[in-house]
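Structures follow.
Below are two complexes that have chain A in common, paired first with chain B and then with chain C.
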Partner chain A sequence: MTPRTQRIIGFVAFAGFVVLVALLPAFINDFKAREYAYVGIYLIALLGLNILTGYTGQISLGHGAFMAIGGYTTAILMAGNEQFGGPISGGVKDVWTLPIAGLVAGAVGLLFGLPALRLSGLYLALATFAIAVAMPSTVKRFEEFTGGGQGIQLFGTPELTGSISNVEILGRSLTPNDWMYYLAWSIALVLFAVAWLVLRGRTGRAFRAVRDSEVAAVSSGISLARYKTLAFGISAAYAGVAGGLFAIASAFVNPDTFPVALSIYLLVGVVVGGLGGLSGLVFGAVFIQFLPLWAQGQDLGSLLPGRIVEETQKPGGPAIVYGVVLILLMFVLPNGVAGLFRRIGQLISGRRYPRPE
Partner chain B sequence: MRRPSILVIALTAALAAALPAAFAGAAADPGVSSKTILIGGTSPLTGPAAAYASVARGAKAYFDSVNAKGGIAKRTIDYRIVDDAYNPAQTVQVVRRLVEQDKVFAVFNTLGTEANLAIREYLNQGKVPQLFAASGATTWGRDAATYPWTIGFQPSYAAEGFVYGQYIAKTQKKAKVGVLFQNDDYGKDLLANLKRGLGRSGSKVIAAQPYEVTSADVGSQIAKLKASGANVLCIFATPTFAIQAYVFANRLKWRPLVFNNAVSGTSNTMTLASEGGKNKTVEGTISTTSLKDPLDARWKNDPGMKLYRATLAKYAKGANANDANHVYGMAVAYETVNLLKRLGANPTRDGLMKAARSITSAGNPFLLPGISVRTGSGDNFPLQQGQLQRWTKGKWVPIGGLWSSKRN
Partner chain C sequence: MLLASEFADFMQQVVSGLASGGIYALLALALVIIHRSTGVINFAQGEMAMLSAYIAWTLMTNHGWSYWPAFVATLAISFLGGVVIHRLVIRPVEGGSVLRIVIVTIGLLVAINGFVIWKWSGQPQQLSSPFGTSTYEIGGVVVAAHDIGTIAVAVAIVFLLWVLFRFTKVGLALRAAAVNPVEARLVGVRVTWMLALGWGLAATLGAVAGMLTAPTVGLDPQMMQAVLIYAFAAAVLGGIDSPIGAVVGGLLIGVLLNLLSYSSKYGAFDWFTEELRLPAALLVILVVLLVRPQGLFGKPEVTRV
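Moving on, here comes the complex of A and B:
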């Protein structure tokens, strides 16, 4: 296959995927649409994390914290606060808070990218982990804005679109769950395309060069400082938008909403989806959203033998199933789902080795 | 990049979407079929609070024992427990799943103050009962007019704090009280009502030290409380921090009269805190409970506790019967079975809440003798009685009779 035919197939496949996403709610029950909305939200966060970790080679164990920044930005703006003054003191409609959530998280990401320049590998992982650990206490510090440990309740507020009644949009009436689904997925698909555009061009090549060898990248005239901070910024902005959507979908935030474990789940999602590829990330997102439920014997999990389903109802049970599945998956798919796709592609095209990117 | 892969995504995603089975909703009130009543709730099966999972497990064991005897009005109770890892955002998601997909009759026994707060608005707008929230926050009973679909169960933290205050006012002259409290609604509720209980007696709170759930230990707080010159110490903390408080106080050779809140007052926790008898600060601690203590020899031949042990052994194999959280679970399940019985052959959500607002139940076999569960005529706190007790030589010994904070 020539690169040209590959590109055509790619466009057709993406268009097919968009159609699938658009039609999915018609084939599932109303509630499932909400759970698939969360898949879209996690996909956004994974796209961002993969730009940083998969393409630029910088490990982040703190992406849950960037989601928290986005989530709290959205929630605080929606709840409103007299101290803001001006038109926003009364609360901002949910959809309009999302770009702001992305910008705020992106700015924090850029700032964090600066000290991160001096750190690499494990040390960077530890530094990012520290933000995730510090986030809950930081949030409690600013109780008058964040509501402290009790958090911010958004359900039923006029700023939240579709708490309980249907949403009228473009001449159609959507249930609250379908509305959430289309909101999350339309943003996710746009951001997917943006990520693809960024990564296929000059910037993407620079990111990959930094990942593969910093020395080689510098000697080819790539500014490490510029591209590493840029990767942090873009990545954090994606996480911020995801966090904002997460706050809207949950209609609630508090410090435990974005626990340290979330950062780790995101990294697991990227690894399952496949580092350095975009197409597998949907599966990473499905994994984050549904595996904890499957591990409790729900949905697909109900197909497990009865003896195991019984164990999952005991304290600590779901964690064991989750762990076992993860280990098995890494044995079977060491390069994630994207790696599997690559193998299939090689089988179809008959090439033994991947075309150099 | 390999483009063909997206085609594969599309196919596989379609497959994944088609797999999860859709539940068909019942025509009558959700969750009630001719054979079962489906209720559901979250419980931290994983995460930092997984120890509390025994509450749900105890309740499920009791329901299973009732089902084995034919259930209620020919229906069995299907209690679906879902893990929320003690994360309120997760609670919101799985409770929506229980309500909208599984179509439960009621959300029952969800554990944690924050978890229950996160779902209260949603459940009340959807008119879904939030039955017996497992949290002692005062808001469940106090705000019943605003949230008619929510009701708690256990004695409120406010009542507990008040009882300690009154006891100190009655028994101590000019006590100087130092308080260690968790910096959230739960700790603040206890502290405020301790002060209310002290009233105008000569005893006063002279120092109060907060701690965060995220903090590593409470060593510096205990040192400051000792330095304040307090001779009474109130521990309003969860088990880990309560044990630390005892250990640090003992290291500083501080021996105040200690009051320890009920959530850390199980014999398990106290035994750990006493460090094999080496910790002298533990001796003489005062606390309160409404449950029968599985470690208490008084209940060795008690029919209620025999039932408890037999039920747990049969329906929750491998569970540690000494864990008092199981007793709590059975006590709350017992009251739920009573409510469902009152609803008769055609249970409705509306009927369930009406019944929950007019409980008169005495003789719950898992609660202390003499404790009744009552609501009605403006009183929305089901359980408002307890027994003060003193930790004496490795076990709890009751002090006086039952206290009650019933105001009607």
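Moving on, here comes the complex of A and C:
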């Protein structure tokens, strides 16, 4: 396959995927649409995290915290924080809060990118993990902005969002779940294209050079400081938009909306989806949304002996399954689902080694 | 000029800071031992300690053991558990990418946490302190027996570890395997078993930390989450490869956090509230990594091209 045909196949696949996404709500029930909306939201966060971890080689175990920043930005702009004694009166329509959520989270990401320049590998994992752990208590401390432990409700402002009651769009009435689905996925697809554009050009090459060898990158005239902080900024901005959407979809934020586990799930999603590729991330997003449900034996109930299903539905059971699946995945699929497909493709085409990027 | 009562309060905060610092030091030591020998940062260290505390609790509550036999049995079980975890879970990904190792230890974290909730429910339990709940007054300073006991246990364990690493053949082999595994193997050290032994030791240290933490904060599945971050901060502050650094770092973090709470009570740093303890530890981690990445006692890392 020449790169040209590869690109054509890529475009056709993307177009097919867009059509699939557009038609899906017609085939699933209304309740499921919201679950798939969350898949779209996770996809956005994963796209961002993959720019940082997959392409630039910087681990982050704290992306849930950047989602929290985006989520709180959206919630405060919509509902305001005057009721807690804060300065913002709110009243911004939900869609317009998303760019701001992205910008605020992106700015914080850039700032954190500066100290992170000095860290690599395990140390970066550790520092970002500490951010994820410290985020909920920081939110509680600044109660006048964030509502503290109680959080912020968005149910009081149905006129600002279609997530709560039906909306008219182009003469058709959309249920809140369908509306949420289309909002999340249209933003996800646009941001997917943006990520592809950023990564295919000069910037993407610089990111990959930093990942593969910092020394070689510097020798070729690439500024480590510039590209690492840039990757942090873009990545955090994606997480911020995802966090904003998450707040809209849940119509509520509190410190537990963005727990440490979320940061962990995101990193897991990127690894499952395959580092350094974009299309595999859809699997990662599906994995994040549905593995906890599968782990409860919900959809697989008929395939497993009843006794096992019973045990895994007790509190804590799903977490055991999740942890074990995670460890086994790292043993058998070190390159994620995308890596598995690449491997199968290589076997079929008879090519032993992948084409160099 | 400090009033006498203020001074007593101050000393009280220092003593209880040393006690919690001793716990952070033990867990930080566990992290350091594992990082030195296998180059892994074990995100599941806190959950392993929490599981150990639950094992001690169930031996006493459900099986009627008294404290010290349960204590010793828990240490033995934890040691074996650490060895098994290394052979079964860590060994297959050792030497692979950092990301794989991080995710495997996180998988452990999630699975152990789930297991404890599944087996014993998430309800908080009460694990008694072997030192009782009495308090002593020394020169106007009120100190809890549990705090004194915690400090004593921490000191004793650090001393034992020092003897093990410094004066025994196993300790020498452990150090050799950590410093240069290839040459250690050439002179007959069974490196793989030494690494597993390191994990066993770390799990045992964690078990002590868990059993000492539970009486003050209550035994529940989330109890070690914050302690793990303080231990990370302690290990980074002291130098992630330095056992002495881990101990000093742990004590410093314990006292520092208590003194911040203390001074906010008397007007200085009055913006500091209990919620800021974790962010303060995060700040310590970031500042140390930026200003002095090797920590107080570590050797600077030299990278060759």
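The working rule: the second predicted complex is superposed on the first by the 326 of 357 C-alpha atoms of A that agree within 3 Å, B and C clash if a C-alpha of one lies under 4 Å from a C-alpha of the other, contacts with A are read in each partner's own complex, and residues count from 1 in each chain.
The rule we apply is simple: contacts are C-beta pairs under 8 Å (C-beta built on N, C-alpha and C of every residue); 3 or more make two chains touch, one makes a residue touch a chain.
Keep in mind the model is a prediction, meaning the values are calculated, not measured.
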Which of chain B and chain C A:G316 touches, first, second, both or neither: both
I'd like to know which partner A:T138 touches here: chain B for first, chain C for second, both or neither. second
By the touch definition at the top of the document, which applies to A:F155: first (chain B), second (chain C), both, or neither? first
First (chain B), second (chain C), both or neither touched by A:V324: second
Which partner chains sit in contact with A:R202 here, chain B, chain C, both or neither? Use first/second/both/neither. neither
In the overlay, answer first, second, both or neither for which of chain B and chain C A:R4 touches. neither
After superposition on the shared chain, which partner residues are touched by A:A125: those of chain B (first), chain C (second), both, or neither? second
Footprint intersection on chain A (chain B / chain C) at 137, 140, 261, 314-319
What residues of chain A sit close enough to touch chain C in their complex? 53, 59, 61, 115, 118-119, 121-123, 125-127, 129-131, 133-134, 137-138, 140-141, 215, 260-261, 264, 267-268, 271, 275, 311, 314-327, 330-331, 334
The residues of chain C that touch chain A in their complex are 35, 39-41, 43, 89, 92-93, 96-100, 102-104, 106-119, 121-122, 225-226, 229, 232-233, 236, 240, 273, 275-279, 281-282, 285-286, 289-290, 293, 305
Residues of chain A touching chain B in their complex? 6-7, 9-14, 16-17, 20, 24, 27-32, 34-36, 38, 136-137, 140, 148-151, 153, 155-156, 163-164, 177, 200, 246, 250-254, 256-259, 261, 277-280, 282-283, 286, 292-293, 296, 298-300, 313-319, 338, 341-342, 344-345, 348, 354, 357
Listed in rising order, chain B residues that touch chain A in their complex are 1-10, 12-14, 16-23, 45-47, 50-51, 53-54, 57, 60, 81-83, 85-89, 92-94, 96-97, 100-101, 114, 117-118, 121-122, 125-126, 183-185, 212-214, 318
